[in-house]
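Chain lettering (A, B, C and D) follows the sequence in which the chains are written, and residue indices restart at 1 in each chain.
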Amino acid sequence: MFIETVKTPGVASLSYIVGDGDDAAVIDPRRDGRAYLEIARRRGVQIRFVLETHRNEDFVVGSCALAAHTRATILHGKGLDFRYGESIGHGQRVVLGRLSLTALETPGHTDESLSFVARHHETGDSPLAVFSGDALFVGDVGRTDFHPERMAEDAGALYDSIHEHILPLGDHTILHPAHGAGSVCGDGMADRDISTLGYERRHNPALQLDRAAFVARKLDEHHEKPPYFRKMEQYNLEGPPLGLPRREPAPVHIGHLRRAIDGEGPIIDVREPQAFAASHVPRTVNIPAGMLPAYAGWFLDHERPVTVIAEDRSQLEAARTHLWRLGYDDLRWFQPGITGWETGGNPLGSTRPISVHALHDTLDRVRVLDVRKQPEWLRGHVPGARHAFLGRLPALLDDLPRDRPIVTFCGSGRRAMIAASLLERAGYEDVRNCFGSLAAWRAIDGPVETPKAD
Amino acid sequence: MFIETVKTPGVASLSYIVGDGDDAAVIDPRRDGRAYLEIARRRGVQIRFVLETHRNEDFVVGSCALAAHTRATILHGKGLDFRYGESIGHGQRVVLGRLSLTALETPGHTDESLSFVARHHETGDSPLAVFSGDALFVGDVGRTDFHPERMAEDAGALYDSIHEHILPLGDHTILHPAHGAGSVCGDGMADRDISTLGYERRHNPALQLDRAAFVARKLDEHHEKPPYFRKMEQYNLEGPPLGLPRREPAPVHIGHLRRAIDGEGPIIDVREPQAFAASHVPRTVNIPAGMLPAYAGWFLDHERPVTVIAEDRSQLEAARTHLWRLGYDDLRWFQPGITGWETGGNPLGSTRPISVHALHDTLDRVRVLDVRKQPEWLRGHVPGARHAFLGRLPALLDDLPRDRPIVTFCGSGRRAMIAASLLERAGYEDVRNCFGSLAAWRAIDGPVETPKAD
Amino acid sequence: MFIETVKTPGVASLSYIVGDGDDAAVIDPRRDGRAYLEIARRRGVQIRFVLETHRNEDFVVGSCALAAHTRATILHGKGLDFRYGESIGHGQRVVLGRLSLTALETPGHTDESLSFVARHHETGDSPLAVFSGDALFVGDVGRTDFHPERMAEDAGALYDSIHEHILPLGDHTILHPAHGAGSVCGDGMADRDISTLGYERRHNPALQLDRAAFVARKLDEHHEKPPYFRKMEQYNLEGPPLGLPRREPAPVHIGHLRRAIDGEGPIIDVREPQAFAASHVPRTVNIPAGMLPAYAGWFLDHERPVTVIAEDRSQLEAARTHLWRLGYDDLRWFQPGITGWETGGNPLGSTRPISVHALHDTLDRVRVLDVRKQPEWLRGHVPGARHAFLGRLPALLDDLPRDRPIVTFCGSGRRAMIAASLLERAGYEDVRNCFGSLAAWRAIDGPVETPKAD
Amino acid sequence: MFIETVKTPGVASLSYIVGDGDDAAVIDPRRDGRAYLEIARRRGVQIRFVLETHRNEDFVVGSCALAAHTRATILHGKGLDFRYGESIGHGQRVVLGRLSLTALETPGHTDESLSFVARHHETGDSPLAVFSGDALFVGDVGRTDFHPERMAEDAGALYDSIHEHILPLGDHTILHPAHGAGSVCGDGMADRDISTLGYERRHNPALQLDRAAFVARKLDEHHEKPPYFRKMEQYNLEGPPLGLPRREPAPVHIGHLRRAIDGEGPIIDVREPQAFAASHVPRTVNIPAGMLPAYAGWFLDHERPVTVIAEDRSQLEAARTHLWRLGYDDLRWFQPGITGWETGGNPLGSTRPISVHALHDTLDRVRVLDVRKQPEWLRGHVPGARHAFLGRLPALLDDLPRDRPIVTFCGSGRRAMIAASLLERAGYEDVRNCFGSLAAWRAIDGPVETPKAD
């Protein structure tokens, strides 16, 4: 009997393969299923079931491809009109050797949300572990803001799911949620993949509240919902489009790139922000490869090909995997790379950095644009800064005053670099990125203001 | 904050790498430390500590090499005269980022046994997990028979360690023991790497007893102690011998093998028992590669080179790794392999199989030799069979009657094949191995006798 | 500028990836194209062309899938009605950076056969290397027996291709053929991947002859053409069937296997012959995994699923890859394996081996059945043996006398084991396999007869 | 019979593993020998010999470790007082199955230089391939400037070695030299690993000359000899120091780094030059990981630990491997990385880039410092630039005028970034790096001057 976790960095999703004897099930698989197949081969088991705790909205779920490859049965909750797989109801279970997985209906995050309880047949009712989907996380609970018109109702449903179905499984039950720290599906998740219901009952802040306080807390939360979620919801309801095999990115040469710069969709430079700052193709947007899961979905359109500039093939490969997990399948890469662009005598963009020391000395002569999320902003910012969440920056690009240099700013200087590249693309001429940003600012004891609200 | 398990098949040992932020510790490392280094690199942490829950006796622990490579500090319990590392006492702890590991003295299996309790600094006293060494397993507890003269005392000490130090950590605490199912360090371990203290408190048979019943149960247990344990105890007290790098096995050709057959140490054929049965070099001993961890230590001497016949390089590599973990460093392999031997026109040994059907029909005309462990034998055997545990068979080799064919027998026919090869090597001429053995016998409803005692 | 060889064991095919600067081409890709993609990524090149030297008949060529994945252009020779790709004519070339590949029409093996000549643009006419397809091998030339009605004509065409187009490229030209030793596409190939035209001109036996002697030699050759070639010819003309993704083999349990044994298609046991000999599921056919490329195509039908018994997942994986390269896509595996069968108390087959020593002593009391290829048989055999090439054995299975034990025999005992399993499946009761076979027989100085003809 | 090439990027060294049957030899192994062991395992051969074509001076040869691991015999040429291995003389040979390797004494590059000729025993005298060490390269010949006092003599000896011993092997012989393009051991090597003696005889410029012209050409060459060569010569004569295992780099934290900055040895930032330019720890030296093999040996001392700043663990690993091959074994890494430094509020260095367009417009207001090698400089440079080869820059650091901004310049902007970091470390304040450098300058048709001499 085994449980192995497959964690997807970036979207911070946690998927699982569990099994006993000859059989196994995969819970919430990501799109690239090789990891599950390799574990199954190593352990000599056959994947019989693919279980979905809920219709994921932040990445393309890999159920259909994995099931086609392994002949497994896909099971999900009732109440959504899935175009693939079958449904499993409250109390029904699948059996894998001596292990059973019983479905619990645990709505709140979404209506059809399920949890799965693992039990060993010899020890009867005692649960070993619970796969809680987006209902209960380590250190937090799922977001309940997808239906703005019934947020209180959903928050209450989640409270009931947790308190009536999950916690009663017992303190000794191991907790395996669908997301970890860094996910857009919750905010306060602990950076720790290890927990039990007993540990959460004691220490999870959301579990220390009564129903009314819990609902009030949930109503007070502020989450972002990137535009690409809509596509993910469609893919994960209907199954992702078939027919298109996963292909190598198409190479693009200098002439093509020159023409593409002025096309509609942005060209993405996935190098580290420092590398981008010193030298880049003008009018490209910097999204470092590791930040694609969190930010590509704000700026890229599924209907257009995505062109990528990367430092080398291995960085391109990382970018390709991230983008593919988000459903961006038509990828192009600038094969000559930045060195090819530079040695070709082409115009070069560069973004001057500003240190926190220099910022401190010139604070009244620049405009600080802080692009962090609202909750971060609310916890403190540089005096006089303006707040605009990075994901929503494109809508404000015509609005910002051009009278002084703009200093882009965030928690560490990485999101700020994305913002700087967007501003430069929109024609702002004196943009400076602050590497280190608020962390460095605090380290040099720069003054911090705490706003009442945005 | 993370915990990753590195399981060593065969010896069924469980080691762990745990860490947070920039730092990590490894608990009970195996000899080949690359797995820990790769995890550390992937996670970007530095291994600062190597922790030993106790002086292992069933494999060469990798602490010294890993510490030399990473500059980590080795820590173990007090009361043994370790020639390397430092000691850590009850209640002392090491800190890794926000994670602490506190030592608990939990004697019983050995005097210096420690458990380590993982806690997150934000949640104060609440343990996240306990690394229980050989004190508490999933479904069993550690053996307490290493000092025959004070077995009751040791069993009582173990009871106290578990009930006074480990279980009080709370039901919600995740359990990470040093061995899993298949280990010679316990008998009733569950085939499951997942548990919590609460789950064990409810379902572990050894935890359902009061102190007196617990001690009585422990006194009644029967464990084997293979002769190689003595070498492991020495290595793990003094550190394994330095100076000898890990080398490729030296190739041996046909002429050498012919001479080696009549040498003192046995030549080991690590192919599957079926392959050995049909065709082998006469006077070699079959120990299939995957069974080396359990049986090599009964038959092989650390002072002599070990010569191996394998099906191919990858099986040789598997054998080499298993043997190296047990301290057998001077390895030779028969490069031409069995096909080279066969095509050279050399004499071939073969062992005739006997099916359970045929055995059933001729039971009174053969002698069944059952080589399973005593507890298995006590749970039932073929009527009229003789019992001799495989590990102790060499001492009996002159003793067995030669008047009828000997049928070697075990649970599935694999250990029986080892026994058959030992008998043939000792000059027994009519030996037949029963593939399927007791499992097949029960499947065809063969009669089973249950003895009172051996 | 680089050339890397990707060799496919079993079918002994040699494919190549060649490139310069940003671009590369693949020549005669195998079905599983990951190796080419990995080389292309490591070297930072884009695969622009897939070149086929001829329509391969011994494996499924991977051109269509590789081209779909990379957007490459497929090019092959004129004169066959290919349903995919484009054609390239004599003297036309593709350019990859500073490297060019010029097509030469070199018919003889097949009508549309091409060779490709690699040149560096700075050194003008001097060839660097030639990719000679199945025209010229290291130590041999291609077979010319595919059109029995015009064998002399084809042999003459091949002579002309080699002497008028290939050898004139110059002694210094490196030779890269499409097959190496072990291929069914030629018989006398050297076990060496290294050659130049100058080396072959001096040492290749087929190049030491004038045209008439060359044609006479070719007419005198005897090659086998396994029945699956027809399917490969169809796939490689039309493109392999789409729509069916590569899937995991479907698991089969004991009940299914019992029923399948008596089905129409044989069940294949891919373990080593020794393992099969001692214990197997009755009525199964032994084809060791590594021998599948050479023999599966004689016994297996593309219209029926293939059921496989393997020692473990890694051997299953090897078998699956071999079978997939031959177009057997619908695979099942017996998940419990031989140990599952044995412990279930099921009937066991076993094949008694006979040593060459015993054979020597009983030669007049047995019938030796030698299943090697005709040219091997002609080079010498055991006196009194009967010859029947393994691939053609199924047609003779009712014919063999049953009055004495049949000893299956080949070069080393491996093909003989396949034969023994076929005989037992056909109801022959006293079959013995001779491990070591002719090699061992010669080693003990057994008498050898050399026939005039079969 | 096989030959596989193991190429080491950076030092551009080519090593080989060749074998037949059960046996193999490795020629000029690099320090990390795992690649050879993996090939040997895959092919089922035993490495019997380690052959050295000459005492390498540009990297630590791996003969001793590989021989200890495999029990192989090391063989090298006569005339140097090697402290390990044995010598092999002109015409002596080693045998591997059907393959022989015959030593030819081919002095010129060094006195004890050998070539090895591969032959198949069936084809008598005909060579298959020659391993020519540093005597004959693809497109060039070895350097002969190691003894300035007898350069003409050495050049003549090399001419004789090539014309009397190597070329007579025949046009059809495949050529396998010890270095490829990019090596410091020659200048005009072709970027191509493929050649034969016939191809070189026709196209290698150095082989088109008579003896006198050849010697004159060699006397006219200008090669650099980095200071670390001396250490390599010592290691490769005496064997590298034992006792020190290969260890993980020791982590260094912010406090340590602050103190180390002002230590004696430079701190190396191995990120790409663009990333370094925008943000770096002040007073560190940029040597991108891939450029370490060519430039680390100019600036780093074997007696001091080397501290490295890298983008991530995988870049650190690449740097570590490169440095280890050059004998820099005591490595430290700045674990927090540049982001840790930035968010700590520490002072940041940055180097402003200058585009070729801007340089063109301000050429008379800056000083261009061109740091390429002399032969590159002689082929053309920016008017008014000053030349100082990068490796020799440290000696000139007090000398450069500070009256105008210094623009560092090379072929593409990468070596120029190293130079810029050295200048900034030495206190120059207005340094600008020209990304694209001469390649970009030519692309925009900037004026180029061709000097008579340096």
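We adopt the following convention: a residue touches a chain if its C-beta (ideal position, glycine included) is under 8 Å from a C-beta of that chain, and two chains touch if they have at least 3 such contacts.
As the structure is a computational prediction, the values presented were derived from the model and not from experiment.
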Of all other chains, the one whose Cα centre sits farthest from chain A: C
Over-half contact-pair match to A-B, picked out of the listed pairs B-D, A-D or C-D: C-D
Chain pair with more C-beta contacts, A-C versus C-D: C-D
Cα-centroid distance, chain C relative to chain D, in whole angstrom: 43
Distance from the mean Cα position of chain C to that of chain A, given in whole angstrom: 48
Per-residue overlap in chain B, given as positions that touch at least 2 other chains: none
Complex interface listing, chain A residues touching chain C: 22, 37, 41-42, 44, 46-47, 68-71, 245-248, 250-251, 312-314, 317, 335-336
Chain B residues touching chain A - in the complex, by the definition given at the top: 1-3, 120, 122-123, 126, 128-129, 170-174, 190-199, 201-203
Chain C partner contacts - residues on chain B that touch it in the complex: 271-279, 311, 338-339, 342-348, 350-353, 355-357, 412-414, 435-437, 439-444
